[in-house]
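Chains here go by letter, A, B, C and D, matching the order in which they are written, and residues are numbered from 1 within each.
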Amino acid sequence: MDKTAVAVVGASGYTGAELLRLLIGHPRVQLVGLYARRAAGERLPDRFPQFAGRLDLPIEPFSVDDVAARARVAFSCLPHGESSPIVAQLYQRGLTVLDLSADFRLRDPAAYATWYGHPGDPLCREALYGLPELADPARPFRGARLIAVPGCYPTAALLALSPLVRAGLVAAAGIVVDAKSGVSGAGRTPSAATHFPEIAEGVRAYKIAGTHRHTAEIEQELGTSGIVLTPHLLPMSRGILATCYAEPTDPARPAEAYADWLAAFYRDRPFISVVPTPPDTAHVRGSNRAHLFATLDPRARRVIAMAAIDNLVKGASGQAIQCMNLALGFAETDGLDAIALFP
Amino acid sequence: MDKTAVAVVGASGYTGAELLRLLIGHPRVQLVGLYARRAAGERLPDRFPQFAGRLDLPIEPFSVDDVAARARVAFSCLPHGESSPIVAQLYQRGLTVLDLSADFRLRDPAAYATWYGHPGDPLCREALYGLPELADPARPFRGARLIAVPGCYPTAALLALSPLVRAGLVAAAGIVVDAKSGVSGAGRTPSAATHFPEIAEGVRAYKIAGTHRHTAEIEQELGTSGIVLTPHLLPMSRGILATCYAEPTDPARPAEAYADWLAAFYRDRPFISVVPTPPDTAHVRGSNRAHLFATLDPRARRVIAMAAIDNLVKGASGQAIQCMNLALGFAETDGLDAIALFP
Amino acid sequence: MDKTAVAVVGASGYTGAELLRLLIGHPRVQLVGLYARRAAGERLPDRFPQFAGRLDLPIEPFSVDDVAARARVAFSCLPHGESSPIVAQLYQRGLTVLDLSADFRLRDPAAYATWYGHPGDPLCREALYGLPELADPARPFRGARLIAVPGCYPTAALLALSPLVRAGLVAAAGIVVDAKSGVSGAGRTPSAATHFPEIAEGVRAYKIAGTHRHTAEIEQELGTSGIVLTPHLLPMSRGILATCYAEPTDPARPAEAYADWLAAFYRDRPFISVVPTPPDTAHVRGSNRAHLFATLDPRARRVIAMAAIDNLVKGASGQAIQCMNLALGFAETDGLDAIALFP
Amino acid sequence: MDKTAVAVVGASGYTGAELLRLLIGHPRVQLVGLYARRAAGERLPDRFPQFAGRLDLPIEPFSVDDVAARARVAFSCLPHGESSPIVAQLYQRGLTVLDLSADFRLRDPAAYATWYGHPGDPLCREALYGLPELADPARPFRGARLIAVPGCYPTAALLALSPLVRAGLVAAAGIVVDAKSGVSGAGRTPSAATHFPEIAEGVRAYKIAGTHRHTAEIEQELGTSGIVLTPHLLPMSRGILATCYAEPTDPARPAEAYADWLAAFYRDRPFISVVPTPPDTAHVRGSNRAHLFATLDPRARRVIAMAAIDNLVKGASGQAIQCMNLALGFAETDGLDAIALFP
């Protein structure tokens, strides 16, 4: 069976490296090019020593012609704003493109001015929001050529909340998402905020009170507004735990109804487990799985729903590959069946 | 000036050691005895090497007569259920007693059966809840002889929320406290849940949905019920961050009103700072300070209030010393003026 | 192609779980049974939630008959002293057995009294020491039925040192191995020494000055005595870095000769990379690779050789699978080709 | 008693902040000015929130006249090369100056070209090397006006080794110092090497084989050459553990002789403890203490000596204050008597 040629654009950061880690083990694809701006000219192991002896490819300067000539599928890990023009070109050249930036996640181009401070690309109207477990059956992945891979916080929050909201088990209004993230979500570029001694042995929130851009994605996909998203930075490299609070539509419903519904909703989905106790991000590290949990606080009449994912896998690169698998008609789990690395 | 003789009962765990660390530097007290059950017979540095060369005291088996003969003040760091009979005896012998267990925190003895599964000690009616910044002026600390030192989660949650609730800025109903704790809050006894590889690089909630006993304290002190308390365990040793969500009574009130009110409320309190950005537990580590923050999420019409404390200091041993200072008429900051250790 | 039936005995600890993680992805084997003493009766995901939805097997009480009836290959992750009688029985029943304990690593049964305080099993004379990269060509792995999988410290130290000693580039006498280990090497049983707050933000040595049992293995395989092995415990879960010091036989030899020789020696070995800068354990986490480095300190006339491995993979379970692959004639990298999980 | 006016130049980094933390609690000094280049114009709590509510001083641009007008004592935390001209000016204006950079640590100005790549300041001949426990009695601290505060690695290595070398218990030749450091030693400026995800869960050596500049200091103070210094970066913020290997001059000397001699040598020193088991950096965190240990590996005939310090305290700012105390005739422990913060 011929392998599909894939290229990674923006290969110098953590999501790029994570794509490479996963694509190497993918049975249906062949990596044909790595592209980056600053890192162009380096070889991959110079930048990411974990590839030493395994993938000694050069990192090349990006060229649409070059990518289009070599690859049928392209992943873009470029920053938002930089990604859309390149993605648009690759898309117009006929490639299937998976964009890990935010540039195509919002369906309304006008929303970009509000949330991102720059105009949206009109092409975002055509993009498919790449959260397969929650996708609209009317818009199949098979054959999709432009997929906007969701953000890490939205993936976690939506997996925990969407089935409950859609089924009317909880109110769509008044939802609070208190999210805890590892530092790799901030990327590989060093900053004062992510310097080791500033992170170790501490925890803090950031971009709170409606200022984190992922709020827009969560609201769009839940079909509501007024979501509270409070991201926190924790002293760990990977993982997102979303602890979500919502009001039950019927406070008399038994506590187990919420987890039961999640289990039923995701029954056939290969990457979702509803676990019997509050999930731990350590148990999904390095895997494309989400561990979910939900219950009712009967005294407070509040539903608590949780999702633990690896922000670089199910929250980014793994989900991108899952989307590619579905778009190209591969098995959904191809290249994604590794067990989490614990401890 | 004569120094006051103090004893520590239950000196073998983290809160006991933290008391010793702070008491050594206290200008008005003299440590006259350390008592423990299992560790009796050891010397302090055998158990806690940080005291090598500094406090080479023996850990002795507990005896009421012995403590009463030597000390005027006793701190109890015994586990709940074990603490109350010993505290009661020391109290009856005329000592000033600061109890770090939960045995006297709830004012209603009957509540203990519900939350702790054992009867309450009727003496709890006489105990003063030792959160000085929020104390009832009608019940002064000066001269108090039985003080129940609050739990770590309640200290953080109440410092952030109480002024807002009392002033009617937020509703007392429908409050969510999403709390993030370091592992030292679980004590020094090893367990599967606190084994290093089970904690590192992960985060999880525990005792959720109204099952954590600190819920009762928070509700008692806020004068409400139906609080959601969701404790999480983080890969750090010290620190609690309480991220609290509440409904504003007037959504049109400006966002800065909440922090302004906290700053006004705590204006003269030596251990409280309202900080300009979301607080980080790393910035209070080892100190008795609380860093607070509050704002409004205008889109969601929700107030977000945060407190960062060191769970072993302001959340336990430091607060106990603060209470002692007030009870004995010392300066409130005696022995507690160290700057946080950062990084 | 029929898959080979394998069983894991002692499946309740970290090395057991790591074997399962790797065996699930192995193309040539079929897992037919998990056995443990204390955990018998549980299902695997109860004990290791990372397997939720992936491997919902029961953990069964061990029985030789049962294992022999089901499996052709058995891995033992039992503690030393407990492992040898069970391994001996399985071996006598004709299974290929890979023992991850120390019970068959030393070739001289009498050495066990000295180092382990109990008699050795005479069968240890027949066991093959399972470090394939350094194996004696006269004792091929193909067909071996009893393989003693090396300890984690010896694997790291020997990979860095053996080629240099064998080639006479460094003296066999006077070698110092300063080793830094993650905490998972201590197993999953909680202890005061491995309680999270006792490990975080600190580093200490343990079992120094010739008291760590792995010293015997290193000396046996280097064919020398008087090795200094100083193990240190670091605040991380996985990884061993061995920093080794040895005297060059010719101080005038250029510094690059040492790395060059390592590269030449391991030229065709799939799991070894000689890297251009001192290796980081983070770059091999979760993989069966070793990153090596060597140079001369010309001022001090000392050779410094380093190896970074994942103690649970190349230092235990991955190496066990590598040995099985060779013993059964599979490709050496079967099931072991994952890239390290970084960050 | 009048307090001595002190200023801190280079107050924007970790050693500057650590000085401030300690000086605030010092009974004999008054902080009269903070100076920095980049951070000038900020207030201290903007840069270091741990000072919120405690030390709300402005950070001012440096001026010799200003410092000389206000302060009698100045600490310089400027980088090497930048520090010496400023220190020289302050010294010439009659201040007592404690330089935390390397600019005056080497006694031979010519050595700077070799190790630092820039000329040395001839004034280095007059500076006192500020390691009080090992100082030459012929050069008293009392009255010294220019003190070069030692580096963190030299402090740890010398405390463990110097008494043994001086007494002839170990050979001065052939010493290996394998050192493990927390990340704060690299300062507060973010870099790719100290980005949280690059450090967490890993360990690596850097500047090995005679390339770390602290090698020169260790050799100078031991009066030898050919020391091997191998620094390692660990996933922790503070702490240095130096594990030192040396040859005993008499292999028949009992193992306890080495620790006994260290204990005797440091008998009256307030900051040194010889501990009964290998020391842990966690037990000296935040304190000016050193925990030492030494023994013989009888099989290998090698002495192993260890020192654990906090790199920012005994390895930098605490030691600077200790030197100031001695220079000004204060009690040696003034401002430095805090117990380590553990856990």
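To be clear about the criterion, a residue touches a chain if its C-beta (ideal position, glycine included) is under 8 Å from a C-beta of that chain, and two chains touch if they have at least 3 such contacts.
Keep in mind that this is a model prediction, so the values were computed, not measured.
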item: Pair of chains joined by more contacts [C-beta pairs], B-D or B-C; value: B-D
item: From chain C, the most remote chain by mean C-alpha position; value: B
item: Whole-Å separation of chain centres (CA-atom averages), chain B against chain C; value: 45
item: Length of the line joining the C-alpha centres of chain B and chain D, rounded to whole Å; value: 35
item: Overlap residues in chain A, where contacts from two or more other chains coincide; value: 14, 182, 184, 197-198, 200-201, 235-238, 279-280, 283, 285, 343
item: Chain C residues within the chain D interface of the complex; value: 174, 176, 178, 180, 182, 197-198, 200-206, 208-210, 215, 225-228, 230, 232, 234-239, 241, 243, 245, 255, 278-283, 285, 295-302, 304, 306, 308, 343
item: Residue ranges of chain A touching chain C (in the complex, touch as defined); value: 14, 17, 20-21, 24-25, 48-55, 184, 200-201, 237-238, 270, 272-273, 275, 279-280, 283-287, 289, 291, 337-343
item: Chain C-facing residues of chain B, complex; value: 14, 182-184, 188, 190-192, 194-201, 235-238
